Structure formats: structure tokens, C-alpha cells
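Look for chain A in each of the two complexes below; its partner is chain B in the first and chain C in the second.
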Partner chain A sequence: MIKMILKRFGLAAATILGASLFSFFLLRKLPGDPARLIGGDLADEQTIATLRQTMGLDQPFPLQFWNYLSSSLHGDLGFSYSTGQSVGTLVQTRLPATVELGMSGVFTAVVLATVFGAVAVYRKKRGADILLRAASSLAMGSPPFWLALVAILLLSVNLGIFPGPEGRLSPGIAPPPTFTGFYTLDALKSGQFGTFFDAVRHLILPAFTIAVGPFAFLSRLFRSQLRNTLREPFIVVARSRGLTRGSVFLHHAVPNSLLSLIAVTAMLVAEAMTGSVLVEKVFGWPGVGSLTVDAILQKDFSVVQGVILLSAALYVTVSFLADVVYSAVDPRIRAGVK
Partner chain B sequence: MVAVAAESPIAVSRRRIVKGDRVLVAALSGLAVIAVAVVVGPWLWHYDSNAVDLAAQLSPPSIDHPLGTDNLGRDLLARVLLGAQTSLGAGLVVVLAGAVLGSVTGLLAGALGGVVDSVLTWLTNSILCFPSIMLAMAVVMALKPGIPAVVIGLSIHSFPWYMRTIRGEVMRIAAQDFVKSTNAIGATQMRILFRHIFPHLVSTIVLQMAAVFGAAVLSLAAMGFLGMGAQPPTAELGAMITEGQQFFLTGQWWLVAFPGLVLLVAVTLTTIIADRARELLDPRGEYIVAD
Partner chain C sequence: MIEDNVKTITLDSPDKPADEDTLLEVRGLRTEFRTTRGRVAAVRDVSFNIRRGQRLAIVGESGSGKSAMAMSIVGLIQPPGRVTGGEILLNGTDLRGMTDRELSAVRGSRISLVFQDPMSAFDPIRTIGAQLVESIRAHQPVSNRVARRQAADLLGEVGVANAANRLADYPHQYSGGMRQRVLIAMALANSPELVIADEPTTALDVTTQAQVLEMLDRLVTDRGAALMLITHNLGIVAGFCDSVKVMYAGQLIEESDSRALFASAAHPYSRELLKCVLRTDRRQEGLLSTIPGTLPDPTEAFQGCSFEPRCPLGKGNATCQSVEPSLHTVQGPQGIQLAKCHFAGQHELKENQ
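Coming up: the complex of A and B.
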């Protein structure tokens, strides 16, 4: 077990190193000159040369990369040129909003995919199965940002059930005191139930929009996994011991099939990150996604580099953890049995 | 699939299966209709996609303008047709570029093994830990906003999926007896790789292309929506949704509804086709659909 963890850890470290090298190369070495980007089109050659020197762009590439890597590892991701704040602080203030949204989205997707997948497999009717596959194909085909706009038009503008694209809280409502940075949890902790309900109301539409992509993917996976599990000998054994079909399904087949969902957690996180960039823009959600989009349009170099590196690191960390948890929960993986 | 001159029994049975699968046939015909409309439509339809008509600003769908007009009075049908051409065409480029790059690297990694294999695997693992849109954004940042930068970014993100699949397949096939015997006859490595192994991979590659096409089109539209893809006045479905966004919530629903619906229908159809084709051609393989 420990050997396996160490091996996976080495692999994860190598991947992060590769990812940072790749993003560094892409952003520093491709045609666009960072000094020119920051200085602007009107800056004279002298200014650009000074900028290149202060940014260390005149040093050889390996040295530049080394400097970048060592300062990143010390938590220094550089400064944002448009706001003057450090990238670390910027990301820190925006991260809770994105994580709150992303986690609610992924959670919604997992619950919906498990419930609908289980129902579709349990009811042997073809109709339920066809319905699930159709829903998943549609979900896979729908552009999340478009879906978000349609949802706002129908449910918020026309019916007034949900608030419009105004961010995390209604205007005039003060954010709760910060503990976790998640407005829902913080409001509950400080007993501000009005704020809590407002935060939840603002969270529902964005979270559902983020959930669409992962739901499409997960419901397929869970359905096929569940059908495979139901063919295994231990299901027959359980049935022959006299357990009802429902009991075997709920207590044996479903938990075993849920295991497979752990392995794709990392992919889900990536999906949620991608979805969040788009959904944040539509809903005016003040998270990392909208920070990135603004930074790119304003050519704010260090912010983009920092966010990209962090998202890669997040992905690698989550997939590493998923592997460890998976092998801890399922002894077959540990023993190398397929 | 490659056309077979004298129909083999397998081809005949495949044809029967395709005929029997009504969903597949319906999806294929739907996509064919869209493809024809998108390729031929812009020439046939009498409005120009960029012709401004300030007298007809924001008019709702009518007989003259079946899908209405936008805030500059441009005919929305003409723009949707051209926009779909841009989106689907660029998606096709991404898929082709990914397939070529992925096949070459996959063949190399699978056939050579050793250091080449380790380095390529490391590189692709590193690429895959970026969400596709993040990677496309980084390329946009390095180059400049526009469809070419987005296509490059998405192609870089899509080739590792092909590489992984093909690498595995090459290793599997290379271990089989017919390859060993070809080697014994004295065929060169190159000949074995391209004449004997590669033909077995064609269906794998085509299936993977079908599986990622929809995702590529959606990512392209997403980048257009964020203002980093197609630049005005180029018609592209994602960028059109952004342009229509401010009018959408105040009653001019057609500006956002139609471009989105075209995206939805086209991508859903390709997803269904990819699904069915996989079940028909390769019942044992499970293909990963990239984000």
C-alpha cells in the first residue's frame, strides 16, 4: 500500500512538473513577448528592455524556469499587472466562491446520476432506460452557457422563481462573517438564516447548470457499471440466500457500482472547472473562472499563469487522492487483482 | 470506414445492422441534413450574413426573416447558417489535427517503447491535467484571440486521447502471431507498422474522432462565447450567443435561442452516432469522451 502510494506520488510530482514546464513554455516562449504585452504597444524599446530585465526575461530559459518554479513552490505566484495585488491574494479571495459552486454542482450531478441510473436499471422497462440515455445524450450536447441563459430567461425573468444573474447574494444583503468563505455555511454558522436562504437561492441555478455535463458522463458510467455488477456471481449468491431483489440491488449492487465513480472524481473536478468558467460569466459569479477570463482579456500574465498552474495542480492532487481512496476502499485494487 | 471493393461477409452484416438501427439512421440523416444546409445554405439563402439593415433591427421571426434579425438588422438565418459552418468546420479541423498528431505519437510510443514511450506518456499526462478550456485560453493568451488560436489549443488537448488508445492497441497487435511472422519473412519495421498494424487501428481512430467531435464543437463555441474565439463580425454560434445575450433577457429571445438550438441538435446527433457506432464496430471497447 505504502509502496503504491509512493509510486503514485512520484508520478503525480512528475506530472505537475511537466504541466508547469508546458504552461511556462506556452506563455513565456511562444510568439507574444510578455514584456511587450505588459508595456503595451506604445512603449518604446528602452522601456521594454528594462521590463525584460526586471522580469528576468533576458536570462537563459532553464534559469527562468527554475526561478519561476522555486518562487511558485514558495507560494509566490507574482503580481497582477492590472490590479497590483499579488496573484496569491487574488485567487484566495475568489477561490471559495468557485469551490462552493463547483462542489454543489458535482454533488448535484452525482446524486442525480446515481438516482436516475439506479431507477433506470432497476425498472426493467426499456422506456426508463431509453429515457435516461436520451437525457444523457441531450445533456452532453447542450452548451452549458446557453442552458444557463435559457434557465435565467424562463425561471428567473419570466417566472421569478430564482434571482437573476446578480452573483452570490441579492444586492443589499451583506455577506456573512467569513469562516470558510462559503456563504451558505458561513451564514448558517452565524445564525443568519435570511442570508442563508438568499445564498442557496442564488446557488441553485448555477449549480444545476454546472451539473449538466458531469451528469451526462456519470449517468452513463453508473448505468453500465450497475448492469455489469448485477451479472456478478456474488449477486446470485445473495439472491440465493433469500434476499429480495430490491435488497440485493440496494445493499450489494449499488454500493459496489458506486466505487467506480470514485475513480473518475478527478475528471469531474476538471469538468466542473471548465463549466465554472462559463457559468460564472453568465451568472456574474465572482469566482476564479471570471477572474481568469478578465485576466486573459486584459493580458494579465501572472494571473493567467498562476490560475492555470493551480488548476493543473488541483487536478493532479485530486486524481492522486482518488487513487489512494479507491485502493483503500477496494482491496482488489491494492492486491493488483483486476 | 474504408470502402471494401468486393463486399465481405462482415461488411454485409454491418450494413444490415446499420439498416436495422432506426435511431442511428435517424441521427445520421439528421446530421446529413445539417451538413448540407451548412455547406450549401449560405450560398442559396438570399440574405448576406453581414448585410446591415437598420430599418429591420431586432425584428422577430417572420416570413421574410424566418429566424428574425439582430440589433444591426442582419438576417439571423444567414448568420446561423454561416456560424454553424464556422463552428462545425473548426470542430472538424480540431478532430482531424488531434487524430493525425495522436496517431503519429501513438504509433511511435507503441512501436518504439522505451524512452520515447516514457517521454510521450509523461508529456500527454501533463497536457491532460489542464481543463480543455484553460489550455485553449493559454494559447489565446500566447497568440491572439481568434479561431486559429482556439483550434490550436483544443487540438493540443485532444491528441493525448488518441495517443493513449493507439499506443495500447499497437502494443496489443504487435504481440500477435501474424506480426511476428511478417517480421520473420523480413518485412521492415516501417512496413509492418504502416501496412500491417495501422489498418487495424482505423476504426479505433474514427470512433475516437466521432466521440470527441461534439466536445470540440462545444468548447469552440464556449471560447467564442467568452470573446476569445471568433471576433466580430465573423459569424460563429458561440459568439452569436454572446452578442444576443443583452437582448435575450429583454424579450428578443430568437437571438440566443436559435444559435444555441443548432449547437444542441448538431452535438447531440453526433453523440448519438458515436455511441451507436461504437456499439456496432467495437462492442468490447469503452471510449473515454473527453471533457
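Coming up: the complex of A and C.
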């Protein structure tokens, strides 16, 4: 057990190290000089050279990487060239917005996918099944940023049901006191129900946009898992014990099929948080995604690197969490059986 | 196409006609599977009775339709299979006319099943106790606590040591033999009138086989339940069952008293089956005996007797090839036997036939 945990940590460290090395290398090799960006077009060569020196850009690549690594380990991710803020603070202020959005999106997707998948399989109606599969094909093929634009155009601009791309709250509404950083939860906790409803209203469209892809994927996966589980011998045995079809479906087929969704859902959570870059931009959501887009456009090395490091850490954490969940819900894994 | 050459035969069974003693009465049961090559009959017009407390063995090789018949009786034949004809009367009530909910009340309560593969018979993520309790509470209006106590008692009865504590264990923490015991406990949880055991010992090693059979024997006797033992192994039938029905290609081709069958089988197929039993009390020379050939392809129409191509007696015989035999009554040395054979009871063909 301890060996396994050590192995996992080693693997996690390697993943994060690899990701940071890759991003570090890539960003240095891109054309463009951050010193020039900071100094501005009018700065003379001397100023730029001094800047390069203070930023450590004149040092050999391995040394730069080493410096970066060691300061990272001390919690210093550098500072943003464009805003002057430390990367740590920047990410910290942006992260809750992204996590709130990503979690809501994936949560919506999981709930809808299991409900629709289960109904489609249980009802045995071919129509429902075909509809679900067609919808999921369509959804899988639609890029999220396009969906985001369509959603805003249709539901916000034309119909006015949902607010436009104005971020997490309507203008003029103050954010609730920070507790978790999730506006919905924080508003509830401090009893500001007006703020809560406003936050939810702002959350719905982007969350659904993010949910579409995962929903398409999960509903198909769940559907096929359910059908496989229903063919397992223990299902017939359970029926032979006198359980009705519905009872066997609900108490045996669904839980066993849900198991296989855990790992995938974990990956989808990581993906929704790191991959919702463009959706955030379209909705004016002040999350890590928007931060990344801006940082890339401004060649803000440290920020991009910080975000990539964060993504790698996120993937590692999430897959570790998936394992923890598995061992909590699957007795075979808990016992160390294959 | 199969329909054309199968005549419905009214059985004049050695079982007494249905009376108060009759628990289950199966009449003209027919089960078909829809395949890419048309509809295939796995069970072809099978009729028989089971009396209360009777122990009946259904014997036949793999693919003869034994399991399909068992699943048809409890209405659990899985698609693409379907029961297409016949009546299944439990105490006079036709199970085929019941809704799924009504049938569920019968399954696991009045008719229980014990399955072949104990390794895959349990939900892997629920405890044994939870599954036992679930079975009990599906049929009895008792609280969780009472059901749990019953479950512990049942486990103890089937010989699971430290039963109360083992309720909290998961299926993978039980060995194969123990799981089979639990399956039997589950089958007996609601005091069934009929236990259908479908090859209950096939997946077990020999010592466990004997224990499981002994336990099944004892429990069925104690509770006065009838037992229908499905097996391909005639060896475990002797001394365990009162009567034997031999199944071949979806039909019952011999129905005999257990002792009568072992003394002198009326159908040539039964005799061939008997030769395949490994006997430890007799010295056997050479290879173990087998029946040459295989079951007829059910998708192909055939005329006459389904066993003819493999029959040591009737192979090539014009009558056997063209006329499907009806059930003949034979007065054997140990009583009346029935066999679906033109030469029932004969061990050699007489020249003039």
C-alpha cells in the first residue's frame, strides 16, 4: 500500500515536471522577446539588455529552467510581465471562478447523462435511444466556443432569458464575502439570496455550454455500460430471487455501471477546467481560461507557465482523487483484488 | 420450417395425471430463439409434472435445452429467446399469464433457482448480507433487522462459519464453494415449494460437489420442497433423484424412475449416456466412452428421430429417418418407462424390423 502511494507520488511528480519542462522550452523558443514587450517599442537596446539581465533571460536555458523550478518549489511562480502581479496571486484570484464553472458544467453533464442514459436503456424504446445517440453525436461534433456564441445570440441577445457575456454577476452587484470563492455558495452562506440568484443566472449558460461535450460522451458511455451490465449473469440471478425488473435495474445495474464512469468523469473535470479557455473568453468569465488567453496574446511567459503547471497538477490530483473514490466505492479495489 | 415436421405429442407420462399432489404441470412448452438463420426451437413441446416433494433429474448433454427449459419455466428466458407455446401451471395457475410483477412474487419465493456459476452470480459491489436481505425482503414484510437475523441463520444453516460476521463480507471474499452455499441459502430463504438447481455442482471441485449435493438434499427434505436437478452428469443422479427425464435436442426422450433407468434404460441415447458415466466401482479399459457425433443443428429442418444419425440402434433405419417417434411405454424390469423411440426398450434390432 505504501509502495503504491510512493509510486503514485513519483509518477505525479514526473508528470508535473515533464509538463513544466515542455512548456518552459516551448515558450522560450517562440519568436518574440518579452523584454521588448516590457520595455516597449521605443526603448533602446541598452535598456532591453539590462531588462534581459534582470529577468535572467541572458542565462543559458538549463540554468533558467533550474531557477524557475527552484523558485516554483518555494511557491514563487514569478510575476506577470504585463500586469506586474505575482502569478500566484493572479491564479489564486481567478481559480475559483473556473472551478465553479467547470464543476457545475461537469456535474450537470453527469446528472443529465445518467438520467437520460438510464431512461433510454430502461424504456427499451428505440426512439428514445436513437434520439439520445443522435443528440450526442451532434453535441460531440460541436466546438464549445461556437456553442457559446450561439447560446448567447439566441438565449441572451434575441430572447433575453439569460444575461449576456458580462461575467459572474450583473454589473452593480457586489461579490459576496469570500469564503470558498464560489459566488453561488458564498452568497448562500452569507444569506444574500439576490446575489445567489444572480450568480446562478450567470452560471447557467456557460455551465450548460461546457456540459454539452461531456454529456454527449458520458451518455453514450453510460448507455453502453448499462447494456453490458444487464447482460451479466448476476442480473438474471437477482431477477430469479424475485426482484422486479425496475428494482434490479436501479439497485444493481445502475450502480455497477456508474463505477466505470468515475475515471472518465475525473478526466472530464480536469478537461473542463483547463479546456474551457474559449468558453470563458466568450462569456467574459473572469477565470483562469481568460487569464490564459490574455497571457498568450501578450507573451506573458510566467503566467502561461503557471497555468500549465496548474493544469498538470490538476490532472494529477483529479486522477488521484478518482482512485480514492474507486477504492471507496468498489470493494474489490479496496481489498486489493484486481 | 421446424414447425412443419414436429407433431405435438400428447404425453402419456408415467407421472400420475395432474391431481392434488401435482405441484408444477408443464404442458407443450416451446421456447424459440430468434437467430439470423430463422427461429430455432431450444425447447420443443415439453410436457411433464412435478409432484410435491419429488426429486426430478433432467439429464442431457450441453445444448440439449435443459437450461432454456428451466429459464422458460420462471419466465426469465433472455431475448432473443422467447416462450412461444404451452402452459406452465403452478398449483393450477398458469405462470405464462402473469405480469412481470406477479411472476416476481413467485420467483425466489415459491420457485427458487440455484445456478451453475457461483462466481458470477452475485452483485460484486454489494455485501452478501445486503443481497440476502434483499431477497428476503422482496417476499416477506419484515424489517431490515429481522431480515438480517434470518440471513445470518440461513448462512449458518448452509455451513458458513461465523455467519453473522460474514454478512458484511463481499462476494469476492468468499470461495467458490462458499458462494454456492450462499446461493443455496438465498434459494431457500423464502421456503420455496420448488427448487430448480441448474448444474449446481459443475463449477466446483469434487469434494465440494459432494458437500453441496448433500446440503441441497438435506435442505430440500427438511423443507419438503420439490427439487428439479438439471445436470449433464448421470453420476450424481443415482441415489439422489426419484425420477429422471432425459433431454435431447429440446425434447424429453426418456422418462423413467431413477432405479429403472439405471437398471435398464429404454432409450438408446440414455444407454449411451450411461456408458459415459465414469464408474469407480468398475474397472474400465481404455478410453472413457463418448457418444459419437453432435446434437443436430437446430436451424436445419430434419425428419424422423433427432437421434437417428448418432443412434447405435436405428442409424440408417428407414423408419427412424422418416417418422418421428412418439412416446412408447415400456415395461422394464423395474417398472414402467417411457421413451421416444421406435425401438424403445430393445437393446438389439430384430432382423425383420
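The rule is simple: the second predicted complex is superposed on the first by the 291 of 338 C-alpha atoms of A that agree within 3 Å, B and C clash if a C-alpha of one lies under 4 Å from a C-alpha of the other, contacts with A are read in each partner's own complex, and residues count from 1 in each chain.
Note that a contact is a pair of C-beta atoms (placed from the backbone, for glycine too) under 8 Å apart; a residue touches a chain by one contact, two chains touch by 3 or more.
Note that the structure is a prediction, hence the values are computed from the model and not measured.
Peer 1: Should the superposition on chain A be reported as showing a clash between chain B and chain C, or a fit?
Peer 2: fit
Peer 1: Could you tell me if A:S142 is touching chain B, chain C, both of them or neither one (first, second, both, neither)?
Peer 2: After superposing on A, A:S142 lies in contact with chain B but is clear of chain C.
Peer 1: So, does A:F234 touch the first partner chain B, the second partner chain C, both, or neither?
Peer 2: second
Peer 1: For A:T244, select first, second, both or neither according to whether it touches chain B, chain C, the two together, or no partner.
Peer 2: After superposition on chain A, A:T244 lies in contact with chain C alone.
Peer 1: Could you tell me if A:L203 is touching chain B, chain C, both of them or neither one (first, second, both, neither)?
Peer 2: neither
Peer 1: Chain A residues in contact: does chain B have more, or chain C?
Peer 2: B
Peer 1: Looking at the overlay, does A:N256 come into contact with chain B only (first), chain C only (second), both, or neither?
Peer 2: Only chain C; A:N256 stays clear of chain B.
Peer 1: Between chain B (first) and chain C (second), which, if any, makes contact with A:D330: first, second, both or neither?
Peer 2: second
Peer 1: Hey, in the superposed model, what angle do you get at chain A between chain B and chain C, Cα centres, nearest 10 degrees?
Peer 2: 80
Peer 1: Tell me, in angstrom, the smallest C-alpha to C-alpha distance between chain B and chain C in the overlaid model?
Peer 2: Distance of closest C-alpha approach: 14 Å.
Peer 1: Based on the A-chain superposition described above, do chain B and chain C contact any of the same residues on chain A, and if so which?
Peer 2: Common to the two interfaces on chain A: nothing.
Peer 1: Which residues of chain C touch chain A in the complex?
Peer 2: So the residues of chain C in touch with chain A come to 71, 74, 76, 78, 100-101, 104-109, 112-113, 115, 117, 120-127, 131, 134-135, 138-139, 170, 172-173, 183, 186, 190.
Peer 1: Could you pull out which chain B residues touch chain A in their complex?
Peer 2: 122-123, 125-127, 129-135, 137-144, 214, 218, 221-222, 225-228, 238, 241, 245, 248-249, 253, 256-257, 259-260, 263-272, 275, 286, 289, 291
Peer 1: Quick check on the complex: what are the chain A residues that touch chain C?
Peer 2: Touching chain C from chain A are residues 232-234, 236-245, 247, 251-252, 255-256, 259, 329-332, 335, 337.
Peer 1: Which stretch or stretches of chain A touch chain B in the complex?
Peer 2: 11, 14-19, 21-23, 26-27, 30-32, 137-138, 140-146, 149-150, 152-153, 157, 164, 213, 217, 224, 267, 270-271, 273-274, 277-278, 281, 292-293, 296-297, 299, 301, 304, 307-308, 311-312, 315-316, 319
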